[in-house]
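In structure tokens below, several structures.
Below, subunit A partners subunit B and then partners subunit C, in two separate complexes.
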Partner chain A sequence: MGLLSYTTKKLLIGIPVVFGVTIILFYIMYSLPGDPIKLIAGERVTPERVEELRRAWGLDQPPYVQYFYWLSHVVRGDLGVSIVTKQPVSYLLMQRLPYTLMLMLISMLISYAIGVSIGIVSALMKGKPIDGLLSVTAIVSYSIPGFWLGLMLMLVFGYYLRLLPISGYEGLHSLLIPALSLALPSSAAVMRLMRAEMIEVLNEDYVRTAWAKGLPRRRVLVVHALRNAVLPVVVMLFLDIPWLIGGAVVIETLFALPGMGRLLYLSIIRQDYAVVQGIVLIITILTVVFNTLGDLVVAALDPRVRVEKGEGM
Partner chain B sequence: MPEKILEVQNLKVCYETGRGCVKAVDDVSLTIFEGEAFCLVGETGCGKSTLALSIPRLLPPNSRVLDGRILFKGKDLLRVDDSELQRIRGKEMAIVFQNPMTSLNPAYRVGYQVAEVPVTHLGMSWDKALTSAVNQLSKVGIPDAGIRARDYPHVYSGGMKQRSMIAMMTTCKPSLLIADEPTTALDVTIQAQILKLLHSLRVEYGLTLLLITHNFGIVAEVCDRVGVMYSGKIVEVGEVTEIFDNPLHPYTRGLIECVASRRGSKARLNQIPGSLPNPLNLPSGCRFHPRCPYTTYLCMKEEPTMTEATSNHSVACHNYKAVG
Partner chain C sequence: MNSWKAVSKTVAVVLVLVVAVALIATYLALSPPYVAPTTPTTPATTPTSPTTPQLKRTLIIAIPEEPTGLDVQQVTWSNEVHDMIFQPLVVLDENMNIVPDLALSWEVTEEGTVLVFHIPSDAKFSNGDPVTAEAIKKSIERYKNISPYAEDFADVVEMTAIDKHTLKITLKQPAPYLWSVLVTNYGAPVNAEVAERVGPDVFNREAVGSGPYAVKEWVRGSHVTLIRNNNYRTNLPFVANKGPNPYVDEVIIRFIPEDLTRLTELEAGRVDVVRGVPLEEVKRLRDNPNIRLYETLAPGIHYIMVNVQKTPLNDVRVRKAIMLALNRDEIAQILDNNVVPWYSFLSPSQICFNGTVETVAETTYAHNVEAAKELLREAGWVDTNGDGVVDKDGIPLELTLLSPVDDPPLKKAAPLIQAQLAKVGIKASIKEYTYDYIRELTREWNFELALRRFSWADPDILIYLVHSVYGNYTYSNPEVDVLLELGRSVTDMTERSEVYSRAQELLLKDLPLIPLFVLKDYTAVNKNVKGLLILPPYGTMFVNDVRIEQ
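For the complex of A and B:
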């Protein structure tokens, strides 16, 4: 089985996952209290008008009919129209997605840069006071909720120091505080994993072999130890991405950023089915894609995995 | 008299445990001469691997060298700085470990891992080093070394991995090779091949071999001189023929008798009664006395010291005259 067919297989398995998620979500949305028609129609409307609207939006149909109607359009690339703004969902998503992706990218860069480097330092200083201090700091920052951290950063950098905008989007620098609020708690998890892996690998026989060969310290630590210790961290990076999107919902709402997370939050409140479905569809697809990508990167880094999944066969 | 290449003096090593520092090597002195093959024999847990690992300072972090000196070519390895130590390791002194399965880095091709050594120590370019790695691999008996050098370790068999370890450790033609039970993890047929390989490299490079083993059969095959270790101490040292023909320590005698040999039809394997003492609760006097058939009152009271029985045979036993 080649790497290509492995990837294809993995992505094909992803398809039922994606549709499973949309079906579940559809029923959850359907069973929520409230009526979107009443929300868009307002209060002083005749019952006839309400029925007319309901028929026009197809909401008089049983849920499975609605779902298949939606699905049949999705496979043709049509995500539907927002019941609130009357704009196509794909247009809304295209407008919002870049902000969210940028926020995720910046926060991942920050989180892994901090987490990996501090994790390594901590592992090399194992048992020393610095290691203890770093570990305690990590646990504390892991326990801080992102929104609270966001508020505090807003207060310090936006209000007291006036270095960065408090909320809204005025350019890339507006993403800095939100990205930090997303990144710090997750960097603590990265740090803990990196530290544990590094400590484990440093005890491996092959690292002792590297020392026995008389290799320079830097070469032993980076080439022989880190190379192997970083693998699980890379896996975590790719598995983390869906969680970052979840975090983006809160953080984008808090900072009034025009991203997909905030759109999702608003759409759930307004019961804008089509938009919620569209966003969740994108999130699920991204999750499947990043999981597959994660596997491919691990295969590229670990020759033992490569044999099972490609090269050797 | 050949030059002394390695001299271990009064070495004491212990491991930190929850119940205090457990001595694994207790006041061991040992001299190895240039060009010889010296075997260190003893049961599992007697401290022979600890002694082996302490020489290139590769002991695990929970261990501590309490006292002693390790003179390698006149330099005390316990006191040289890191850069000096790094220059010695892999170039002048090399070590082959017990478990080849985990001793190679899974993330790199075997050829690369061998080539690292000449790149580091001889300042060779990577191209040249990779070519010399292929040569070295074929020298230790890897078939199709040119192709196999590009394999990752996980596709190698145990024997091939150990051969690659030996290739890696001998590319710089070290003067001392420490082999810590190099064949314990391998099949018997492979064991013989590895021992043969070590022997031929010894002849070709003129290297000194310190072989750690628990197998007296290997001792007879490979070594010039033998040291017998028991419970962290060396109890007998001498030339291999001398030790086999005329063992003076009751423990050595027991070990030799343990090697299976058919005597008539009712051949029965000899064994030494009891087991190694708990290092946290050592017996008084001679550590071997609870298991020894020659025990006297003196053995329980006083620890014997190394005495020279003949010019090339020393023993630490109060009653060696009665044993021999």
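For the complex of A and C:
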């Protein structure tokens, strides 16, 4: 059936996307002001030594040579070596990635648990004061910068209540406040979408029919309404990935977590091109994979999508 | 029926996700978590160890930046982690005198071209290998091979181990500036034999030295755990305990980039020592009865670098006018007096500092708007059109001031400097970049005024800023060149100090750099940490006598 070929097609389209992103990034990094060699060489380093280092790192080559050199190694699974720490990029990434993935997963769980449930409640209470209150709360939490929220949560739970660690990784519980700081703003977006979809579906004819058939309330809401309303919300979950990584850069730095986001930030500052390239490559691949997964889930939940796209192409 | 098929697929997808989560969770559980400081470790096995229960046996230090590597011979900047792992032969005491650390004693002979170091016979690296004359020789040879600062030892022509514990270093010419390398962790011996065996990459992760603590574990992006080096011996005159510290079993150095997070950890008592205290928090910390602030003056100055090749800055009268236009007391004030107003080129935390030079400079260039205006008038700059900006041949005196966004005191001072220059009729526009990019622009002579700083205990640092060849910035004065070169070879410290004083006098006439202030470095420490010693020039921490009461 079309599912497998559909998936393959989607992933194949992803490949030029990944390459495109790395080329654009390479160009941006290359045209940025600043010279990584002069950064790694301190104040007391002689000009000859600077040139020697530049040759040693291949940075005297034109940019396209540098890019193809990088690419030819990436294809063989070698992401290069960090110019600052002299360690293999893959080694650095493998140490950092799990923390970031875990942070993202926990924050997604929190975000959807809050967003979906409150969205449903809000939709069912449409027009009542409680709906208004929830909507205002959602807008407020959506507008709060994650950085500030993180600081406040850190002060309350870490400093005053001493319930959770203030910063650093001491076990999974260390990720709770950071994940919450990431999740709250995004849960508001989930809630708004869930509410809108639910309201729309509740007005559909088939739901009215279901009520008319005298089906129990729970069955109408869950089987007939929710299953259809939740579809766009599920898709959003998969599209959220790049946004979450962006948030992780700030949150991981704030909470001193050893994740990839903090490494990305530090590597940009230190002009550690190889590491930045490596991280962006991973983010791009993650994005492509999750987008494909999102499409698949939609296809699985709603056969119409599958058929339409499968035949249209 | 169709819907059932769909549902089963959903279930499959969800299952895959759940498995992924579980996998990652397991992976995380396996990776070493940061150890909470609350669990008291078992008392030390050292015979001298008192089993006083109320002592906390782990010292936790929070620093802003993670080192790029642990091997001090491979990094371009070293920090507290290296201070723990490595032990210099000699260090500076609080009066900038050279005193022994690893070395027992030393002699300088043959008019400064021969250095002889005597090493204690029981000196050992943390892994138990003896620190012999041969081992130190190997370490310095490795430095000359792989360090980005290999030039530091360029004048070393020969090293011979006279016997097992005596090292003779022969120099091409007297090299007094070498001491400022030897007193830092850069100059400390590394176990070159291990380095050779494991290779530079592994050694950069698991470096071995003879410092008070040794690497136990480095969790990237999080912390380094150091364990007491039971082989540690020191000859430091200013510490009471010359062996391993029996009260502190482990030192954990955490990397917390965010200032507020770092200080919150300190105030919550989860961290004992915080380095890199942001200036705007100093006042609040002073009021906290549980925290003690240590203050040292930075070994260098913050200054404006001037492009002396570019009109109108090539006119020394304009540079002098800028010097006079600045009100450094006002600058110190907006920086909450966390800096000392400064008029000359060496700070009190630098070798060869001469207080008289600073006093003279301060009198000559005390803030004086009228004198500044007069100098500008002499140079032909007068405000003819009444717009508040002086002009000459119809061109207004407009300058660009480069301000580093990542240097808080300089960034904060920039608008005030702009306002102070405006008072004498100079219109300065501020451009903000990162510090390193500004350094690059100045290296390319592509600037007018740039806010910069330097930090190095030896006055030889000036050669990299104002010497026409070594520095290769816009300024060139043969007389200054001669003096700075002389400063590299004069061994007698009084004489050497005299050389740098003369060089400073010349610089004060030419003003290729316009001094602004000397920064105070702060370390915030919990009151229950007793016996910690923090010394200039680099605010190095000596933990030899530390005990942490609970």
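Annotations for the structure displayed:
Assume the second predicted complex is superposed on the first by the 307 of 313 C-alpha atoms of A that agree within 3 Å, B and C clash if a C-alpha of one lies under 4 Å from a C-alpha of the other, contacts with A are read in each partner's own complex, and residues count from 1 in each chain.
Simple rule for what comes next: a residue touches a chain if its C-beta (ideal position, glycine included) is under 8 Å from a C-beta of that chain, and two chains touch if they have at least 3 such contacts.
Everything numeric in this text was worked out from a predicted model, so none of it was measured.
After superposition on subunit A, the partners subunit B and subunit C are accommodated together without colliding. Looking at the shared chain after the overlay, A:Glu51 reaches neither subunit B nor subunit C. Of the two partner chains, neither subunit B nor subunit C is touched by A:Asp78. Subunit A has more of its residues touched by C than by the other of subunit B and subunit C.
Judged by the touch definition given at the top, the superposed model places A:Arg262 against subunit C, while subunit B stays out of reach.
Seen from the CA centre of subunit A, the centres of subunit B and subunit C span an angle of about 160°, rounded to a multiple of 10.
Of the two partner chains placed by superposition, only subunit B is touched by A:Arg217; subunit C is not.
Judged by the touch definition given at the top, the superposed model places A:Leu92 against subunit C, while subunit B stays out of reach.
Distance between subunit B and subunit C in the overlay is 5 Å (nearest C-alpha pair, rounded to whole angstrom). In the superposition on chain A, subunit A positions 301-303 are in contact with subunit B in one complex as well as with subunit C in the other.
Here subunit B touches subunit A in the complex through residues 56, 58, 60, 82, 86-91, 94-95, 97, 99, 102-107, 116-117, 120-121, 152, 154-155, 165, 168-169, going by the rule given at the top.
Considering their complex, residues 203-217, 219, 224, 227-228, 301-304, 307 of subunit A touch subunit B.
Residues 2, 6, 9-10, 12-13, 21, 24-25, 27-29, 31, 33-36, 66, 68-69, 74, 76-77, 148-152, 200-201, 204-205, 219-223, 254-258, 260-261, 264-265, 267-268, 270, 433-434, 436-437, 439-440, 443, 454, 456, 461, 464, 472 of subunit C are the ones that touch subunit A when the two sit in their complex. Chain contact summary for the complex, subunit A toward subunit C: residues 33-35, 38-47, 49, 53, 84-87, 92, 95-96, 98-99, 101-102, 105, 151, 154-155, 158-159, 162, 165-172, 174, 253-259, 262-263, 266, 269-270, 293, 296-297, 300-303.
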